[in-house]
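Below is one structure. I have some questions about it.
Which chain is which? They are A, B, C, D and E, in the order written, and residues in each are numbered from 1.
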Amino acid sequence: MKKNESYEEFIKGVWRDNPVFAQVLGMCPMLAVTNSAINAVAMGMATFFVLVGSSFLVSSFRNWIPKQVRISCFIIIIATFVTIADYTLLALVPKVHKELGAFIPLIVANCLILGRQEAFASRYPTRLAVMDALGMAAGFLLALFSLGAVREILGDGALFGVKLFSENFEPWVIMILPPGGFLTLGVILLFFNWIKFKKDEFLEDVAEAERSGN
Amino acid sequence: MNTRVNNETSGPSSMRLVLTLAIAGLVSGIAIIGIYESTLPTITANKARELREAVFKVLPGVGQMQALVYRDDELVVVESQGKDEPVIYGGYDESGEFVGYAIPAAGPGFQDTIAILYGYIPGDKLVVGMEVLESRETPGLGDKIYKDLEFVAEFSALSVEPEIVSVKKGTGSNPNEVDSITGATISSKAIVRIINEAHTAWATKLPAPGSEPAMQVAETASTEAGQ
Amino acid sequence: MKKRDPELLLFHAPLLRQGMTTPKAMRDVLVALAPATVASVWFFGLSAILVLGSCIGGAVAAEWLFADRKARGESLRDASGLLTGLLLGLTLPPGLPLWMAFLGGFIGIALGKVIWGGLGHNLFNPALLGRAFLLATFPIAMTTWVPTLADGGFLQIYPGNLALPFMQAQVDAMSAATPLGMLKFEQEVTPLAGLVFGNVSGSLGETSGLLLLLGGLYLWLRRDLDWRIPVSILLTVVLFSACLGFFDDARFPAPLFSVFSGGLLLGAIYMATDPVTSPVTPKGAWIFGIGTGVLVMLIRVFGGLPEGVMYAILLMNAATPLIDRYTQPRVFGRGDDPE
Amino acid sequence: MKVLRRLRRSFEHGVHPSHHKEQTGNLPIQRVPFGKNYIMPLGQHIGVPARAVVTAGERVQRGQLIAEPGGFVSTGLHSPVTGTIREIGDFRGVDGRFAPAIAIEADAFATQQVDAGTRIDWQALSLEEFIEAVQMAGIVGMGGAAFPAHVKLSVPDGVTIKHLLINGAECEPYLTTDHRLMLERPEALLEGAEIMRQKLGAEETIIGIEANKPDAIEIVRKHIQPGDPVRVVPLKVKYPQGAEKMMIKTVFDVEVPAGQLPRDVGVNVNNVGTIVAVADYFLRGVPLIERVVTVAGPGVTYPANLIVPLGTPVRDVVKFCGGLKPGTREIIMGGPMMGRPIASLDVPILKGCSGVLVFTEEQTARRKEYPCISCGRCLEACPYFLNPSRLARLSKSRMFDEMKAYNVFDCVECGCCTFACPSNIPIVQLIRTAKDDLAHRKEPEA
Amino acid sequence: MENLLWVFVSAVLVNNFVLTYFLGLCPFLGVSNSLETSARLGLATTFVMLVTAVCAWILNTYVLIHAPYLRLICFIVVIASTVQFIEMLIKKLSPALFRAMGIFLPLITTNCAILGLAIFATNRGYGFWEGIVYALGAGIGFTLALVLLAGLREEAELSSIPKLIQGTAMNLIIAGILSMAFMGFAGLFSST
């Protein structure tokens, strides 16, 4: 049973409550760095690290942190993790760090992270909190990757820098430019709406059929 | 299970609040300093390597370099750059003979600031290399300023006096003319302008050719800089 | 035998209407554009027909695909989709690959009209939205201009047109600069006569100033456009250029050159006046026009692009809700204060 | 600018519907023969309904008072025929609702002469007596609104009327009643005007006539004695030139402030028909028992200008005009721009009804409604400078409260916006819906 | 001087914080359904940005030069506390001003546009005046984008946007279109 519960926490963040597609959180880093898959994944990993790390800490110390200063504590914890991530990336992959630029420190302001601390980690035991953070972070990573992949494939004809089409492919430059970020995410959300719409419609049809059948 | 959290009616004392924050800050500070110290060598090394690579690229034939700043009316060798103090790099060959300067410069491009580094040989008044360090120019158009090798090659022997001018592609004939890139005229002109401006700014500050600061061994203190 | 009373309707007054209807207005614009369209075929031959056709095809395809199954015929019949396609086509370079033209029409209608709820609900000009999308997506193809045809070259097709879908066009085969590009990047001024009669390189529909004005006159006579918008745009541009000329007439474009070059006339007469995306209030129309004129000159003279009409109109489209809100007409008998 | 506007002699905006007046413009006024059934609604004017003073079965003379004013903003009613009161009960009115009315059966053999027939020495009457006389005579505004005339005469202290403005614009298409009255009874018009002017204490009478009635302008001018303080002002042909605030703007270049009345700028506006009714009462002793009605429109066999006793069912009027052509789809009481469609031919002619217009399929064919394309034609049409497109849009989204900020209550429902709209949006109707909703919403709350 | 002009124009139009840097998106997408609120939020943000620019400059000049690794924490803590202090100050001094923008102040502190401003200004090595002008431009640009979007959204509410599209998806697409239109400003005042 227990195992199931934590699995639930994990999977809900990846899909049903996906922070980007379902909750529309963490938009800023999302759009700014997803002009290529590699940047998107790097950003996703950094966020992953920060989110899971701070959730773990916050949850572990949740009974010691007084309510009045909890936000300040969260921010200090998050900022610490972000700084760690920042320096690590800078040391290990300076090229990627240069591309992501100022957006790594900005993870601090990502409301997804603070929101998870406030809504979940500070209230639940460590194991659940970590599962939740893992789920959310994975969902965020997934969203970043899908956006980055779409934008890179169309915008550069490549994925992770590997050319996918013939030499003559005409890149869709807009995809790499800012408007492409807004438009692609808009269209992806539209697609999700559409799926939900169709699903609701389908469920309604089923209900209808059942009612008339009885 | 969360009922245990934060349900004290009286609330914690302010002493406890301060203490919590202080501990958090302390732990965080230690963690940050720890990561900083442990990554610092790699990061510094990375940065230095990048800089060297760039300088060597724009100044062919260079084997050593040192940072120079303009202080008290002369160019002096420095270890670390002061704030708001523009720095340039002196390039020397393996034997310590002065070759030229690598000058960083920046200015507005089509989209945002473009930062470049260019190599300059004061004796011949020639630009001998140009490398774009940072730009947000449009992929496919503006990014040709560093992707179009033909364009980059324009800067391998470019006379800066009289001022560099950019001309339509295929019409450049004089030593001070750069063929601009079709479709990215603005970005290519921006590079030219940035170099011109930087050149004007530095021209009066550079010592007469032949009297450049000599290469110093890295360990020496910079007391006897100059000459 | 007692005659039965007729079945009376309770159709509310006013019972009378003036003759104009919305589809008629759209058709009027098509008519007004006819001379410029013919001129584009004259100057660019078969390519013009292909590019215009692809745009219209893309626009109509989007309109058809996204329409309700029931309303499909209706939404096509009011001719507004057709008009969007045509106007978009007229703003494109003649040598553009056809698949891009099709995509532009499709995106213009899909992003510019359908998602807003269809005719009358969009806040941005769909044709220009399509063009802005193309320009940002394929900047090279969209800024590759071709010279007008030599005599009798009607059947010739620019090689760029025939690029395979998603593939690049062969560029550099034949290229030319537009009058504005020549001014901005090479400081060369094109003689005015070419601009007025249209024998210069540029977008399909922007080349002949004279025919565009003619169409505008027709639209004005039919009361289909708000004359304030073209008048204020053109006046602003003229004044702006004149002022710049006062400082340095060698470096800045002359007023008449400004008016007749680029897409200004096409934009001012046919696109800024799109009733849906321009302010409804008369005062708003003036502000819209002046704003467009200023932005056009700002982008042309101080910006990075040689032409700014499209962006100017789109930016003013974005400001239109605000303009409308703050220029409500003064109500009769309420003095000068609008509140 | 101002000079230019004065030269153009008009208000701003408005529309130019084709006037369709050729059908009846040249036809002299005829009397319809008396019929059998008459229905006199007690509330055929704005304000409080009248109170019946007769009972069923009673015999009444033509011109006899059958209902007295129910309050100050109310007038008397007079029997239009000699006959018998058949019933006092609820009858279907113009708006389709049932409302109290007096049904009279005409005496088939009566001569239908008016008994009274005596001239009243109006000069001897004090102002109060004069006002009461007008009220008892049942005179209401004949320009369409049917606002009791005596109320307009009761000017509050501190307000002086400088001008009597007589509204002969008749800007609604098809209608020719005022036109014919001016042509056929210019003396009555001028006599009535003089009475009103003196009683109001106004300095001058101005008769505003649209320039498409040159014959009326000429005849009225011819009858003005030199030295009389009367002036005829030809007006630009434009709808709604006859709306009183527009006419005041045209004639005096003054805007009546929103929410105020013409008297606040020193003007009293009356329709030609109203003035003639005043003359008929004071000089000939005939109260308001009949009125001139234009019967026209593509669905009428023989269009005509008719003197119709009040209370005559539309059916009788139409029958006199040769009946309805096949394909008739709609009958409007009043003008085509502001009139009301009626649901039944049994509706009676009322004091405020200047026309019975019959339309066929062609005019009433369902026009396809397109979305608003913000073309601004409605703004350019609205004489009150409202933003009808915004009002319609808000009304469609049922954002009625927001409409107050856009001055929905300044709309007079003149119909210019709907006329001008190329997308066939029923703007006036949408505005009316919103006004109704806003007006009625208070009641349940209170 | 020309440089300052370019810094300003670039921050307002060419490199608009919201439309090209994707900063401050949550207020952009969240609050911009009302014009009134947007204008006030924009005003308050501009104000906080100016304060931040000053703070960032002081920190950079006197503190971070010795301890660069504390940058993030310093920025966050200092900005948050300064804004809180100013909030109290305004509340005391001018209740009217507080009503107009006070309630937004604490919310803005957690918004990434503010932190972004401090970080960008530092990365670009802006001096004091450049920093101020940059902050002013960024704030005005933010306000401009917010107000434009609010106008568009209020108008769109009256039109019949299909149910399917309403909401964040539509807002993002409008933002994308706006961002596309702002591309017209590219290169403004950077070429001569």
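We take it that a residue touches a chain if its C-beta (ideal position, glycine included) is under 8 Å from a C-beta of that chain, and two chains touch if they have at least 3 such contacts.
The shown structure was predicted, so the numbers you read here are calculated from the model rather than taken from an experiment.
Colleague: Can you tell me the least number of steps between chain A and chain D, where a step is a move to a chain it touches?
Modeller: 2
Colleague: Quick one: which chains contact chain B and chain D both?
Modeller: C, E
Colleague: Give the label of the chain whose average Cα location is farthest from that of chain A.
Modeller: D
Colleague: Count the touching C-beta pairs: is C-D or A-B ahead?
Modeller: Of C-D and A-B, more C-beta pairs in contact link C-D.
Colleague: Considering only mean CA positions as chain centres, point out the chain farthest from chain B.
Modeller: With centres defined by C-alpha atoms, farthest from chain B sits D.
Colleague: In terms of CA centres, which chain lies closest to the overall middle?
Modeller: C
Colleague: How many Å are there between the centre of chain C and the centre of chain E, using C-alpha atoms for each centre?
Modeller: 33
Colleague: I'd like the Å distance between the centres of chain B and chain C, where a centre is the mean of that chain's Cα atoms.
Modeller: Measuring from centre to centre gives 45 Å for this pair.
Colleague: Based only on mean CA positions, could you tell me how far chain B sits from chain E in angstrom?
Modeller: 28
Colleague: State, to the nearest whole Å, the distance from the C-alpha centre of chain A to the C-alpha centre of chain E.
Modeller: Chain centres of chain A and chain E, defined by C-alpha means, are spaced 23 Å apart.
Colleague: Out of chain A, which residues touch more than one other chain, so two or more?
Modeller: Those would be 76, 79-80, 83, 87, 173-174, 177, 179-180, 183.
Colleague: At least two other chains touched by the same residue of chain B: list those residues.
Modeller: Residues 28, 32, 35-36, 110, 138, 140-141, 186.
Colleague: Could you check chain D for residues that touch two or more other chains and list them?
Modeller: Touching at least two other chains: none.
Colleague: Name the touching chain pairs, please: which are they?
Modeller: A-B, A-C, A-E, B-C, B-E, C-D, C-E, D-E
Colleague: Provide the residue numbers of chain B that touch chain E in the complex, in ascending order.
Modeller: 28-29, 32-33, 35-36, 83-84, 107-113, 186, 189-190, 193
Colleague: Provide the residue numbers of chain B that touch chain C in the complex, in ascending order.
Modeller: Touch residues, chain B against chain C: 110, 138, 140-141, 168, 180, 183, 185-186.
Colleague: Would you mind writing out the residues of chain C in touch with chain E in their complex?
Modeller: Residues 111, 115-118, 120-121, 123-124, 129, 132-133, 136, 295, 298-299, 302-305, 308, 310-312, 314-315, 317-322, 324-325 of chain C touch chain E in their complex.
Colleague: Can you list the residues on chain D that touch chain C in the complex?
Modeller: 15, 17-18, 96, 173, 245, 255-260, 323-324, 328-332, 334-345, 359, 363-364, 367, 370-377, 379-380, 383-387, 389-390, 406-407, 410, 415-416, 418-424, 426, 428-429
Colleague: Where on chain D does chain E make contact in their complex?
Modeller: By the definition above, chain D touches chain E via 393-394, 397, 399.
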